[in-house]
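Got some structures for you, see below.
Two complexes, one shared chain (chain A), two partners (chain B, chain C).
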Partner chain A sequence: MSWRRFLRRARWDAERAEELRSYLEIETAENVSRGMTPEEARAAAHRRLGNTTRIREDIYEMNTVRMFATVGQDVRYAARVLRRSPAFTLVAVLSLALGIGASTAIFQLIDAMRLRSLPVAHPNALVDVSIETHGTGRTGRFTSRYPRMTNPIWEHLREAQHVFEGVFAWSPASFDRSTGGASRPVSGIWVSGGFFETLGVRPSLGRLLGPADDRRGCGTPAVVLSDAFWRREFAANPGVIGTTLPLDAVPYTIVGVTEPRFFGLEVGRRFDVAVPLCAEALRDPADVQLDRRQDWWLDVVGRLAPGVTLARANAELNGLSPALFAATMPPNYTASDAKAYAAFTLTAEPAGTGASELRSAYSQPLWLLLGIAGLVLLVACGNLANLMLARASARERELAVRLAIGASRWRIVRQLLVESFMLAAAGAILGAGLAASLSRALVASLATADAPVFVDLGADWRILAFTAGLAVLTSLLFGLMPAIRATRTAPGLAIRAGGRGMSDSRERSRLRRGLVVGQIALSLVLVAAALLFAGTLYNLQHADSGMQTSGVAVASVTVRPEDVPEASRAVFFRDLVARVGRIPGVEGVTPAAIVPLLGSIANDTVVLDGHRMKPYPNINVVGPAFFAVMRIPFIAGRNFDPTDTPVSPKVAIVDEAFGRAYFGTPQPIGRGFSFDRPADQPSPVWRIVGVVRNTKYSDLRDDLGPIVYFADTQDADPPGPSLTMLVRTAAGQVPTEPILRAVHKAAPGAVVTVGRLDDRIDATFQRERLMATLSSFFGVLAAVLAAVGLYGVMSYLVARRRTEIGIRLALGATRLRIMRLVLTESTGLVAVGLALGLLLTMAAGRAVGALLFGLTATNPWILALAAAGLALTAVLATAIPARRASRLSPTTALRED
Partner chain B sequence: MAGSEGMRLGEVEQLVLLAVLRLAGEAYAVPIREAIAANAGVRLSRGSVYVTLDRLERKGLVDSWFADPTGEPGGKARRLFRIRPSGMTALRTARRAVDRLSAGTVLARKG
Partner chain C sequence: MPKRGTPPIQEDLLQGTLDVLILRTLTFGPAHGHTIAHAIERRSDDVLQVEHGSLYPALHRLEDRGWIASFWGTSENNRRARYYRLTPLGRRQLVQQTNRWDALVAAVNRILRPAPDEPGRT
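Here is the complex of A and B:
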């Protein structure tokens, strides 16, 4: 138990110091009593006792060295052994580095997205306030990524609550800082006055926003920059304080910069500017969200007051809910909506890890990938265990001699484990380096052109612990069993066996076969997963949306009121569409309220004969050219035409699913329907004039559902400042320049973005692409590792049966027969492995079901393909040792014994 | 190969144990080392005497206690060692092993 001595050294040293001091004094006293002078007596005592410090040092050192000398020996010995077989060491370290590196990289992302707290003061006291709808739903416009509250609810809550020391509302928003021309998007957050104070964020320059900045009717509002934005866009110039920054054509005064570590409340994103909520009124005076009781766009976060528990906060929020929801009831709700709204209650839940769209989208895939990477690591460990076993056989004599001359078994096990651990440690160090770049690449792959991703990937103790833990675990996994096996040999037997290492070898080869079977089984799971995810991506990319998206460009135009007054927007946009239509190469152009397949949704409740119908149909408002541009064929009836005006009878074009859902016929031409409206509002009857083929609506993954199209020419409301057009060109090119010219001739200050629709749709497959790429990588890696493992075992078996094969050949067996002999043996292993793997895959299938599209986890074709692929790899891996066996010269093989 | 009482002694351990036995009642580190040097001609380092005594105590072969302080006020105590029965057994075992092994062999040239 030398470690205990090691740890007790300090206490012992104190005891020993005391003891030596007392000897000295006793000796001196005795010398005095013998008649010496005190000086002589002391000097004599010192002489007899020796240098006390030196003695203590000696003791200290002895207790230290005993502990480390042997470990030091083990390390030196292991280093020598590993250096002597560089190929083995290289393969071992590299496969471990790949496995550990991949696992660490994925864990790093999970850590950053899920486990790490927000970079603010005491994040654990932060709670997120949300609405419990008790099984009903909220009605209205949902206009942000975290549409949890309306502004009237927030204002009421702010005044009524007593459980929070500070509370604030915020909402992510995108701003444009260009004053005309190409857009310069800025990622912003609307924040209420208490935002920075409640979070405990400090400025690194100037001041942050406070309650005084967030008063209704703020004239020239203040803006706070993030440190990263300030450095990127203003070269960290302290002179920016007091200058003006235009956002969405509203001038803001820069008042401060936040501390560098604060990236906002959204994990996965980084804010550039923070602006007070009150400024929302300036963005589009015709459409102020602050007063709208059915615009859901805010998220409310509070810091619990000292001594207030989450339960107490919930109780108070629950208590003040009836009054709050009664006071903020939206005016034009239908009776059923109003009833549901009045019953809402507020609840609070911990918010310390921040909001994250990314987290909800990626947490399942990332855990799954971590599991996959873990399996790959396991397969790699299987290989290493196999290699270690093989080496143990080769070193049987060496170990036996050491056992025979008195080394304890534990000592040898420990020495072998030190070897394993050194391999694992080298793998972990290399893997950690690999993880750093791999996780950055992962983050980059999550980003799309529209949504850059920022994840703080700094190493923290969790990642260090994870990597170190993996190193220890893997070294035990692949080192412990071989080490124990290796030392179980009776020394005499091994030495006598004359270097052939025969002892115990049947059991050991059974173990090695078992390992290969396990590797093949796990590899099948991984290869099947890779095929499933690749298949999912393929299915998505080739899914039939019912329309033709290739060759279509999306162009968005936002105009400033100075260029185009609100009253003339409708005419301006109509002219713009016509002008774009005249661009050479453009086959068709149409405005569209919703661009298909990009995730946007508008829906409503259909009323037929006074009955509210389910399901909700999806809605789009389009121009007459929409169906031609998107290549959606008409089944019956007519297209929108110039006779459809704001004053003519309301008309609608529906898809077949609409007719089936509400009228029981795919072609309900001439039938009428209306929408659920409050009693005091007009509810026009829409007459169906055309039926088109079914298409997907917001997402390729969705099923076909009812869709209704309205003509933009019948829309009497004045349009907003933005217009989105779908443009089909003959050659499929993106006519960015001509569109920019067409827009700027009429409105020089307009902001324009143009892009291919297919690119935009493709960006929504990010998650599937990530899963497909990474799982393919891991699947191939696992298959290669398993093949190497199989090759190793078969080579070993062939080597062991050299004599037998020699005899067979000598007795006249053909070379083909010998090859078959070896192949049969490996086929058995592979078959057992594949069978086991199929069972495992079926069992694991449930974990991936939700991430698949167009196929199930038990898809027989996929499973068969995976098994066939692995079987082929296995045959190739066995072919080399089989050939070697058949080429054996019987004379040499037999002479060796 | 361990001794019949499950305790095998190293050479230094044997020397220190024998010195403790010989110094009966006066055995503390300084005279132990001196006794070994005088009788066996082995000069142990001072530190190794302490470490060996600690080890022997941990193995249960010796006891240690602090002697009563010498008369004067604030007087200091020596840490004294005493061999335990198991220590005696271990010594005997070691001795027997040497005796048995050397029986019938010629260790020294006669006259």
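Here is the complex of A and C:
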């Protein structure tokens, strides 16, 4: 049998018809020659040959790939059946679409963040170079999101290595396009000269940066724009090449635009501008990171040379480490820091999927959400399986007749499966459409005002395979069992039972009850998860930080050297604070080195009597108004005051935890301590003059720990170009305009951002908000699906017991009794389901522990609330069939038999 | 899908028999369906009454296996007819099938005509 013949079997058949005709003609002619009349001759020929249609059918059949032909029949038949029950089809397709769509959307994010390679040439040969500290830690200033290397280490590595075909350093950074006034943030990356060449990125306009652009003292540095930024900010005007773009008040020359698909190395973000590393020296000449041996801010990525394995690269990096770390030793390390530093080694690991802080923050939540969406899909499958079972009962007679006239069981199972699969496929197609907009909404919900999120959500084979896999899996899940069940009935029985589904209904209703129990159990897990995550968000938003953040605004001011020379910054900032304090409505204002609860940290090692102490206390440098602005009450001692100057004895205010940690008393007024400093540097003794109440420091999720506050008035070092102020206003408004005016009167070129502290803090709850929102959505969806399932089963049971109920009513049972009969039945199911669900929830609780705040996965209130909510839903779902049962007219019910 | 290869004789005795008869008939040269049907009847002295219609699926099957090939030609009395001829593969098959048939007949004969002196069991 050939495919060609299969595809051309119609023509083939025509030829056979002609062949048979030719037989008839020859036979007829012979018969005539034997002396028959033409009519007789023809009839005899026909008799001789037999049934021509039958012959042709036999041959036609031989020419078909039976499987395909009958699947074609099945599909047509299934389409007809599904069209005939549009309500069923609609419910089935919609619930599948929701489940599949949600799962696919979440998977799309996981794919984009975790699985997909960077949009560069041969991403698999890229490796990330990092430092193995061998159990010790690095000391110094950590800036940027990927503070893995210092520039001296990078420069040394670049010269010493032989394993990479190309290697580069890069660092994400935020720039400001503003030349005065409100800030215009631009997301940028510092890149070394080999960046674009090593990645294999091509320009779509002009040229990209090369080694020639990244030389120390780079003059007027060049800048490359991303395609998106060029379109957004410059309306894709090719004339921008050669023009000047100011970034942090440094003029850059635009030399090119990257190809559109390149979004940078950071999954979840998109760069606007790429600038050469050498230009870092121009940003703040007083604070050049390029030469600082303890400023960790770079990430180094290399492309393995052909034939070099990762193992060989690691061996070589390991070999050149001692010389490298000896040559780049930071000058003012303590002895222990220096010893640890000298023992560091370089290691390389695959970097084909790029860097991402989003990835580490959202990996677990996303996999968890995928699991949750999967459970919802399972609950939906339970409903569909129930519906399919009900339909199978209704079609029992039809199936029995088909079995009786010779259809094989497999044939019928297959036909029912084709129906399931068509439903699943329709659901998957609709779901895929849904997923596209859902995943975009998801991405948007990850973004905050300060950190827009860009995730390339283009479909790839993984997503297609995932969706298709879901379709097949779900169709088997909800279709296979009902299909097998449906064909188990002996045809004779079914036909005799008159299509009323008598034969094995006991077994089948047990199955349906089991499905509902499973649905309720899974729903409980999902509802509990929803409550846990909602509770976590609530707890975070209402967590006691020890201070009052509402009514506080955060204002950052960055001045340019032209406006305010470095020498007069301290005076300028002091005046500015005073001027802001005079704005009507402002109750208090204080500079703060660290804005609390936004993730920033400064800490150091306390030394007492020559001993290095653990833990590290957190540090903040503030003005005297800080404690009033943040509403942190004093426990003992005094606040900072004007007598605390750079030359007066050093004083500190600590919280109670500080006293407990180092002095064994919550109020160590008058005690002194110092910090770990190199032998050749002064290490002043700080005297504790005040104790304040414990507060959270960088993160609401953290425990209360030791904090020490220093007075900004005692700070002898010249301030940097930026000042951050905390401003409390009486009405809680954000005094943006007055602050802008106050700043610009003194420094027209200064750049200012102002925002509510609570908004900033809220933005750090993004992950919890995502979990709370989505798990609530899924929880409600699951509960509704389970309720629909329960409703369906109870309705089915009531319908099946019509006669019995009729008899009971006729014998004098009250309607209330009948209702109770039905409710008791459903209560049993719900109780078993809830019990099972509680066990499941406890078992699954471990997976979410790390994502919760202020409650545990086995919180009895949450579990009780979830169970009560579901039970109530269940009662409502049962009420309708129960009412229907009690309203049954006994005569009608009995007459039907 | 139709099976390829030779089906075991005991499973499909008649079909296999018809196949081998067709192959044998075609050893005398190409022929069309009508000729083949009559030839089989004639050569078996009308013992084998083939239903002529069943011949065509068999022809199709044989052609499908590549044992015979077909072409359109003109019959003795000037009518268009589909002719079949034996392929080399078919010729080999005929030898094989004939051997199997002989073996079968011999086996059946041994059973049907037992040694005459066997004491009867009652």
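Throughout what follows, the second predicted complex is superposed on the first by the 828 of 897 C-alpha atoms of A that agree within 3 Å, B and C clash if a C-alpha of one lies under 4 Å from a C-alpha of the other, contacts with A are read in each partner's own complex, and residues count from 1 in each chain.
Convention: contacts are C-beta pairs under 8 Å (C-beta built on N, C-alpha and C of every residue); 3 or more make two chains touch, one makes a residue touch a chain.
Note that the structure is a prediction, hence the values are computed from the model and not measured.
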### Task
Please indicate which partner A:464 is in contact with in the superposed arrangement: first for chain B, second for chain C, both, or neither.
neither
### chain B versus chain C as contact partner of A:62, first or second or both or neither
both
### Query
Can A:16 be said to touch chain B (first), chain C (second), both, or neither?
both
### Task
Could you tell me if A:49 is touching chain B, chain C, both of them or neither one (first, second, both, neither)?
both
#### Entry: On chain A, the residue positions that both chain B and chain C contact, one per complex
16, 19, 22-23, 25-27, 29, 48-50, 54-55, 58-59, 62
### Query
Quick one: in the complex, what on chain A touches chain C?
1, 15-16, 18-20, 22-23, 25-27, 29, 48-52, 54-55, 58-59, 62, 65-67
#### Entry: Of chain C, residues touching chain A in the complex
1-2, 32-34, 37, 51-54, 56-57, 60-61, 64, 75, 77, 79-82
### Task
Using the touch definition up top, name the residues of chain A that touch chain B in the complex.
12, 16, 19, 21-23, 25-27, 29, 48-50, 54-59, 61-63
### Task
Sort out for me which residues of chain B touch chain A in the complex.
28-30, 45-48, 50-51, 54, 70, 72, 75-79
